[in-house]
Each structure stands twice: as structure tokens, then as C-alpha cells.
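Just so it is clear, A, B, C and D label the chains in written order, and each chain counts residues from 1 on its own.
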């Protein structure tokens, strides 16, 4: 029990924080309802995939500066492929783009393994490469998206007889949960998942325990690429276009990873924490808008929240270590 | 049983070992190669004027990369340098309208010291990861700057002539900025190699526990470090505004990632405990020359970026290969 | 004998830049034997083990497993070939719990549990995170994990070095039986007792070269030492310390006074004095509170009660810096805790000079150099690979941790198992050094897991059991049986038999 | 009589033009006296982020939204939701594809065309031009590119000798032009996408013969056109105060005065210093007290009613 609290305490704290923020939102804007919650989830979508992409490599002891650029590239690729194409063609585009993310992620991993240059530098270099590639695909925002794809994140999942509840289950949320779980849960239970934690915790010890370090690292980056590609698709699905300039997803993903209780340095944490952290951060944004806070002050508030939460976490660990 | 005779070491290996012991040499060779490529692509470009320009633009980058080098030695990173430099530049340019330049510069360095102090305390006392800590303070700093700029919209902005002289001027073809940079570089190199504080940076980054057992107080070292880093960033901002002469709210932000890259290309480990400043200076020069190279090449912007990424990766990998004697 | 060797390595070469770790090493292990690999610090034992198990690549050499040349490129390959190592450093993944560590290596859980119990740890929770487990237990878990897959060849690199006597006994017991059941063990240790109790043959390395293979029989120790040390032999002969040599403390006022010291639940009520010019030994089984005692005296953790006096003045340490200012230096048993591995020997030794705020300025290089060099000479540190401490062998690293405080002229040195993993020659040097320090009027508190060292070095013995001082006696009375009894919390003069396999958890409680 | 809440969404922060736009919105809201509260979402983000901001504004139940779109098509879905909820949507600076939204915009294509055409005429219809664009992949940049190419097509003897993206960053622009100057390649004119005063600086510093330069109506550049000896150039207006006009339009619609057309284009003007007439105009619009990154056209006649003091104070209702 105490072990569970110790390991999941941070995530639980974040969930509580989210609920508190939700109540606060309701107080600020009594009309805040299921539709607005749907908007929140749709806003969360690209961030959540970006943060999942980041989480997996951070757990593996790396960092991926190219997530934002990867999302941009996959997004413009999807949008330009679907531009003027038939609705059915999208059935081919989606797997193609996902595979592209997987492969490009694996290339990231291979470059790290082969060149032995630190992750942060390799992914900084691929950040430029992917950005460049995105500009070659589309030199300005454009492209299109299949209608059915767009519809997968609009509206709610109907549950017969329970309209009250189903109003609170946006399709975007279902899509998010399904996409994350389909990869994360089997991974977490497999030996591969353990290996990813192992190389993040101690590469030497992992190598000596017989973990194929290079292969595991490449797979971690490949999965990161896959999540980033989902993020790119989510961008295209919500905007209907592809934009070659990366959005603010890189820094946001790093911040959410840390807020979610994943140690930069690797080996610790899970996916749930960072995802909840994303929800919290997006809801803070909503509240700032609802409160009509001076926009120049919002940057200060967001920065301060980030620093304060992380300091608080550091403070707790310090206290618990002393006792 | 006969011991295997010591065979003569092949030339290739000897050369490699020689380079490994003097990591600056391969780095300088890489730099020269880039310059030669540039000269081949655009014959005549490598002239006195170009050299002066390159040095002028490399200097601010090199000083910020110095901040990264020092923080990276302790296993940290300082992502707030861009914001700090921008803040001090912007504040100086707007304050100098109503104050003496010396006073304006002092006012401009106050936020630098404050941000450094907050970073240092966050990292050193509360043990927040430096990446997050400096990211957070740079967000806060940017926000504060936004608020500040609203109060001075009407006051206009000025660049004190001596900063412009320092930033853009040449004396006998040599950039005046070197007057500022050479002492700073000497000071950083000296600090890292010949002072107790420098030793502690390496020690803390390598094994904090060991440093503690030797009586080192981590928070003191880290706080001092981040304050120094911030002040250097502030000074860079003043120099940069002298060079660019256009105060803007994102003036030095584009230098942040390159400053990290310059330190890494220069052989400083982001995991701490290993590296030095001389390599970083060459790293900054390499990046600056590379930027020129790509500006000069006429190709689509996308291809340009791809090439930039590939070359950075290649240079770093080649350099690591050379100095790693395995 | 006609049996073919299970493992046969010849002409193994490994160089690190200018440092030749292995020049021409060979090793041949027969089925069913426990084979000792011996050599002074830096002889290349660990390097050879790493090569055999695929953790590093050799530059040259032939390795045959059951007569076949197999390409062992990684520890995973080695496992498949039936070779399982326990390296000098723990290999459990720090952030995973024990159960996950087992899964990662495909280790069956039940046999593992059985081995762990057999090795003397009855109450292991396999959901504990490896990081939270003490070093000695981790080593045992590493061994149990290796045993559980029933390897053909088990390679144990200084397995017993970090273990307290009771756990070491169990390990020896178990390893012995491995040989009996037809499997082979390569056993590295600097302790001759263990070698003679356990091994059938020994391969001796010197400076990266195999200089001989001998059968272990009574009296062979002398020959092994000769082979190991070569020319160094003469300098290191130091007889066991005679009781009559014990220096009487010169100063009546104690240098260090500890009264009723308590730390959490581990250390309850410890009181003793340490005089100037005295070496006091601390003897305790694993986990009796000695770690906490040393940490509290070193300023690393805060005591929850009691007082510490230095030179008669009460002190409170909030940080190791405070202890250092009071002239108390701490040498941890685990050298990775004390060294900055990527830095030079010189910087490691000089580190305390720069620690205080007022010493952050320019360094007087000439002065520093002379002090560092004299400390290096005094401890005879092998500085061939001095640009990075991590390239030094384990024993030489250990010396650097002590040299630092010799250079800084600390008045009181707290040595926690300083001879862990050190060869005989170096051990003698360290004993001599500690005595010299005492003769210069310094004081030393010395914890050791090897009881025989007590007689050689200490003036007085402080025995700790269950977080309390259960006995203090002069070195004259400290023969091994007496120490062993005391360590188990038995009163002096008690006649109960303390078997080497006695279970500490059910052993009689100390009488106050 | 103040009764409306207006939401604002903008996706670039820290750039003089956008800051002026926000201040114009605030000043106009205050000057109109009809607005109780402004909800401003003003940060650096992409189209998806703008969708989020617009939806938050819908949640906040504003009466109208003034939006500077990150991309015309990318935010259609949120704008649709807004118009469905009965919120008046006014896009400024760029068009949007949502049919029910109103647009009051600077004509970016025309902006580039006007400046480029003037430049090519100054060059005598032939020679080499340096083309310093904005940010690669931004839609305003590609609109301007169309205008530039249109002008270029009219002058077959003009060649683009060097094309780079400044990313609308002063320091990059300066380094790029200095690098180009160092190559020694001759050039006869420079077209910039608003990173202009550093270009003039670079020419002066490196003692290169001055060539005609086209920029935007930023205070710094306008000052240079008036003061730098031998500089011939033109500033094309691209008023940031369009934001204020957006507020005015939104209020008109809320008050039932719908414009005849969905789209109202504010045509750019060109101020040059090649003629005496132009010089006088430039002298009259120059404003050295402004931040050099701010456009000098701080108001748009007929559309904005605030005073200069009000926009500089940058305070909205209730502040």
C-alpha cells in the first residue's frame, strides 16, 4: 500500500490537481460544460501525443528534441497526400504516415547508436533535417484532410440510453486513450518495456544484464517517432491542413514529462503522469483565457506554475529522503 | 613463455592518439575544411571583411556557449541565456534614453543577476532539473519583458555609441568586440583550469557525492555558477544589441540552441565533468561559418536546413570518433 | 588429466591507449574446479573477466569454450554460452525492482529465492527497488541471480570484498558446492584464506601477463605472493602487529568523544572515545549501525540524539564540510562514492583544497603539485593512467581516496573498510600507513570486514551489535574467535559455539 | 452603455507589429466605450493552438472574436463553431475561409507587389535584386511571395541574385546580408519583408555603396529613410493598427450595421524618398518616439478613433 502510494503518489496528486482546477473552472464560468470539455480534449490531443513521444525516450534515458519537427513533417505529409485525393485514399495515408514516423524515429535511434553522439545533439540535428524536409513537402501551410478522418475527433461517443454520460465522452478522448493504450500497455508488460526502463536507469548495468542496449534504444526512438506521427496526424485532423513550421510542442512536451513525474535522466515514471500533466496545463490555459488575464502576464504565470510544481516535487522528495 | 614484443605502433594509430591528446587540433582542422569549402563554392569570399564579420557574429554565440560549457560541466544546462541576453539588451536600450549609459547598463544587468540567482537556488537548493528550471525562468523572464515593454513603448530606444562601436566597429580591420571577448575568454579558461571554483565545477558535475564528502557545498557552487552564467549572458546581450542595433523582444532567443550545439561540438559532455572552453570557441566559429556557407548556397530553404542538420551531426560525430581513443 | 578444459583463453591482449591492461593473459578452467584468478591491483583480473564475458572486446587472443571458438560479443552471448559473471560492481538495474531485474535476465524466480535464502538473506522482498538495497545485499543478489540459471562457468570478481564476515561465509559455502556439482567457478579475491579454503588451482597475473598456474596446497601462498608481486615483494613484508607494540595514547584528552549517539532506528546509544595517536577498530556484522555511525561522524547525516565532541568541544555537523573543518575526514568503503572518475588523480587528491568558499580563487599550482606528488609517492599509487581515475584499477582507486586526506593533512581519518578489494602488498602498505599516521599523533577510526586486520592495525577494538557498543577491548585480547563472538553479540568469555553458518537473525541478543 | 465582451486571438508574441496590433485593439476598445471586457489570447503558437484559444473564447461566451489567423484554412472549424454560437468573427491581417466571418485585412500580396514594382523601377528595370523573405512556411510570407513574383514577371530583366529567409529575425537578417556583401557579388536593390533597418545598418557599416531598399513602415526604417545620407528607399504600409479597425468592424456588426461585403481590404500605401513629394510625406509620418519595430501608421482613418496617447498607453477597458 505505502509502496503504491510512493510510486503513484505523484500521479494521484496531479489527478487531484486536475479535479480542483476543473472545479475552479466551473466557478469561473458556471456554464462550462461537456462541450467545453470536448474542446479541452481536442486541444490536448497533439500535446498528449507529443508528450507520449517524449516520455518514452526520456524513460529510456534520452531526450528527443525533434518531436515538434517530426509532427510538422508527418502532418504536412498527411495533408499534402490527402489534398485532392479521395476519401478512401486516407485509409492508405494514415498507416503510411505512421510507418514513416516509426522509421524516422528508428533512424534517430540508429544515428545515436552508431555515431555515439549524445541524444540531445543528434535530435537537435534531426530537428533541422525534419524541419527542412517539412518545408520541402509543403513550403506554406496547406493541404487537406479526409472528412471521415476529421470526424473521428469531432463529437461524442453515443452510449445508448445514457446521453448524460455520453456527452462527457468526446470521441477525441476515446481516440487518445485507444492510441496510447494500444501501444503502451502491451509495451509496459513486455520484456521490451522493462529493457527500455533498464537502459534508462543504467546503460552499463543493462548491457551487463544482457539487454541488447542498441536495439532497445532504437526501438524506443522508433516508438517515439510513431507517437509523434500520431501527433502530426492529430494536428492535421484538427486543423484540416498541414503546417511546415513546428508548433510549441517540443518545450511543452519536456515540461509535461517532468511535471508528470518522469525523471529526466531516465528509468523512472510512466505515461499516465505526463498525460495528466498535459490536461492540467491545457486547463490552466483555459482558465487564464476565461479570467481574461492580461496576456503578457500569462507567460509569467505559466512559467511560475511550472517552476513551482517541480520545486514542490523536489521539496517532497527531499523531505521523504530525510525522514 | 615469451612476451609479445612491443610492435611499432602504426602511423594511423599514432596520429589518432596524438589528436586524442590534443582535441583542439581536429576541431580546428574541421573548421579549416569548412572555410576551404566556402572559398571553393564562392571564390574570393574569404577576405578580410568576411573574417571580421564572422568573428563579430561568432563572439556573442561563443560567450553564450561559454555559459553552456560551464553549466554543462556540472551536468546542467542554461536555457535562460537567450531571454537574459534579450532582457538586458532591451532594458539597456530603453533605459539609456533617460539615464547615463553606465547607469542603464547596471539597471539592465539587475534582471540577469536575479534570474541567475533564482536558477541557482532552484537547481542548487531545491534540486530542480536545470533544463526545467531555466526553461521556467526564461518563460517568466519573457513575460516580465513583455510587461516591461508596454511601459516604455513611448520612450523610444537608443544604442549608446560605444556599444555600437564595440559591436560593429573595426580597428585596423580587427573587430573591436575582441576587446571584450578576449578578456572574457581568458577569464573563463583560467577559471576552469586554474581556480578552485573551476575545479569544483568539474568535480560537482562528475560526482556530486564525492565532492560533498570532500567538503564542497553544492548549492554554493551551483548558485555562483548560474549567477555568473546569467551575468555573462547579460553582457552578451549588451554586446549583441551593439551589433544588431535593433532592440527586439526576441533578440537573442535564436542563439540558445546553437549555443548548446557549439559547446557540444567543442567537446563538452552534457552529462558533466568533461570538456573545456577553448573547444567551445572553435565550436562557435564552426557554427557561424556553417551558417554563412548555407546562406551563400542557393538552394531551397528546406534543403538548407537539412544540410545544416546533417553537417552538425557529421562534425560532432567525426570529432568524437577522432578524440575517442578506443 | 585428460579432461578437456571448459574454458580456455590464450594470448589475450587489451590496451587502453598507452595503458596495457592485458599483455599476454591466459587462463584454462577444467570442469568442476574452482579456479582462483590472482594478481596485484591493476594486474588485469577484472579486464580478463570482462573480456571472457563479452563486456569488452579483446585486441587479440583466442578463447575456446568447450573446445570451440565461440564469438562472445556481449554478456548476452556469454550467458548463452553458459558463462555468467558477477562483476566487481553491482549489475542490477538501479531503478527496477528485484522481480523485474529477474525478468529482464530470464532468471527463474523460485530458484533465485532459494539461493537468496541459502546465502543468508531470509527476508528479501523482491518488489524492493534495487537502488534502496544495501551494497552487500546487492552483491549477494547478483550472485543468486547468476546461480539460479545454473551456469557452466561462474565468474566471481571480488565477490566477497564488500561482504561482512557472515555473508562471506555463506558465499564461500555455496561456491564450494558449485565445484562439487561439476560446474566451474573462476574466483577472484585478494584474501588468501578464501583462496585456500575454496580453490583447486590458481592462475596468477602480473602486469597483464599470466605468470603461472599453481595447485592450491598448504604453503603455496608464499609462492603466489612471489609471483604476484615480482620485484615488489621485499618492500611489503610487514609482520603482524605485536600487542606489545601498541602505542599508548599520548594525549589524555580524547580527540573525538562520542556519547549516547543515536541515528534513526539503526544506531542506538553509542559512546566511545578516540585518542590522538590511536587507531581504533570497529568490528560489526553487516548492518549493525556502523554505516550510520561513520556517516554521522563524517557529517553526512544528522544524528537524532547524543553528542559528538572534538578536542573536548561539542560539535554539530550539518554537512561534511563541517566535519572536515573540525579535522575529520571520511574515506567511504565504496570508492565510486569518493572519486570523480573522469578527472585526474591530481584533481581528485587536491579536491578538498578548493572546497571552501575562500579557496575558490586561483590555485597555487606548484604548491598543489608538490603536495599531491608526495601523497602519491607515499601511497605508491600506480599513475600510468592518471589522466582519468576511472582507468585506474580498483585498488589504486582506493588508494587515491586515502591519499586525498593525507595531502589535506586531516587530523582524524574515518576509514570504512579501506582494504576492500586490495591486494596483499597494498594492504600491508595501508596498514603501515595507518600506523604511521597514528605515530604522527593522528587518530584513525577503522572499520573492517576482515577480522584479522584488527590485530595488525588497531590499538583498541570497539564492537557494535544491534546499534550499540557491546564491547571495547584492547588489541591483546582481540584474536579472531573473540572478535567473532563479540560481533555476534555474545558476551566476552561465553563458550557457546559460534558456527560459521550461524543465523544472525536468530542468534542470541546482546546482553547490555 | 458599455455592453460587449470581445475576445482576441493572436499567435505571434514579442514582435513589434503584433504588439502594436494588440495595443490598437485595446485602445480602440477603450475609445469606443462600448466594451466592458477584452479576453485576449496572445501567445506564440500554431493553428492548432489557435483552435484551442478560439474555443476557450467561445467557452468564455464573448460577443465577438477578433482573430489574426495563424492560417486561413486551419482554424475554420473553430470559427464555424463560433459563428454557430452567434459570435461575430472578424479576421484581421489575413483572410479566413469561414464564410460567415468578416475580414478586414491588409492586402499582403499587394504589399509585396507595390514595393517590388517601385524597387524594380528604381533599378531602371534591370539588374540584380536581393530578396529577403520572412519566415519559411508562414502563410503571410507565401502571400507576399506571390506579389513579389507578379512584379518580377513584369520586369524580365530583373534577376533575383540571392533569396533568403530572415525568419523575421533582426539578427539573422543582418548576418545574412553581411555574409552576402562579403561574397562581393554585385547587387542593385534589396527587397525586404519588414526586416529592414538592420539591412540599412549593414550597408552603412560595411561601407557598401547604398542601393535602393524596400521595407515596411517600421519607425526605425522610416527614420532611416529620412536621415541616412544617400539612401533611396520606400516603406510600404502594413499598419498594425488594423487590430483597432477589427474592433470597430466587430462593434458595427454587433450594433446591426453589417458591411456590404464580407471582406474589407485596407490597401497598402507606398512612401518613398526618391521624390520631394515623397520626402515630405515621409517627414510627416516619421515618429522617432516609437519603438523602432512599431509601424508608424498607428491609426487608420475612418476605422480607428483612439489617440496616439491611448495606443501608446496600451490599456484596454477596465485596466
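Methods note: a residue touches a chain if its C-beta (ideal position, glycine included) is under 8 Å from a C-beta of that chain, and two chains touch if they have at least 3 such contacts.
Just so we're on the same page, UniProt names per chain: A = Autoinducer 2 import system permease protein LsrD; B = ABC transporter permease; C = Sugar ABC transporter ATP-binding protein.
Being a predicted model, the structure only gives us computed values, none of them experimental.
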item	value
Farthest-lying chain, centroid of Cα atoms versus that of chain D	C
CA centroid of chain B to CA centroid of chain D, Å	34
Distance from the mean Cα position of chain C to that of chain B, given in whole angstrom	43
Centroid spacing, where centroids are CA-atom means, of chain C and chain D in whole angstrom	72
Residues within chain C bordering two or more other chains	none
Chain B, residues touching no fewer than two other chains	142, 146, 150, 301-302
For chain A, residues that touch 2 or more chains besides their own	134-135, 139, 294, 296, 298-299
Interchain contacts (touch definition) - all pairs	A-B, A-C, A-D, B-C, B-D
Residues on chain D engaged by chain A in the complex (per definition of touch)	13, 22, 37-49, 51-53, 55-61, 70-71, 73-77, 135-139, 141-142, 319
Residues on chain B engaged by chain D in the complex (per definition of touch)	42, 44-45, 47, 49-50, 53, 57, 142, 146, 149-150, 152-157, 168, 240, 243-252, 254-255, 291-292, 295-296, 298, 301-302
Residue ranges of chain B touching chain A (in the complex, touch as defined)	122, 126-129, 131-133, 135-144, 146-147, 150, 257, 260-261, 264-265, 269-271, 300-310, 312-313, 316-317, 320, 324
Chain A residues within the chain D interface of the complex	29, 31-32, 36, 39, 42-43, 46, 134-135, 138-142, 150, 154, 235, 238-241, 243-248, 282, 285-286, 289-290, 292, 294-296, 298-299
Touching residues (chain side chain C, partner chain B) in the complex	11, 13, 16-18, 23-24, 209, 298, 300, 319-321, 324-325, 330, 332, 336-343, 347, 350-357, 359-363, 365, 404
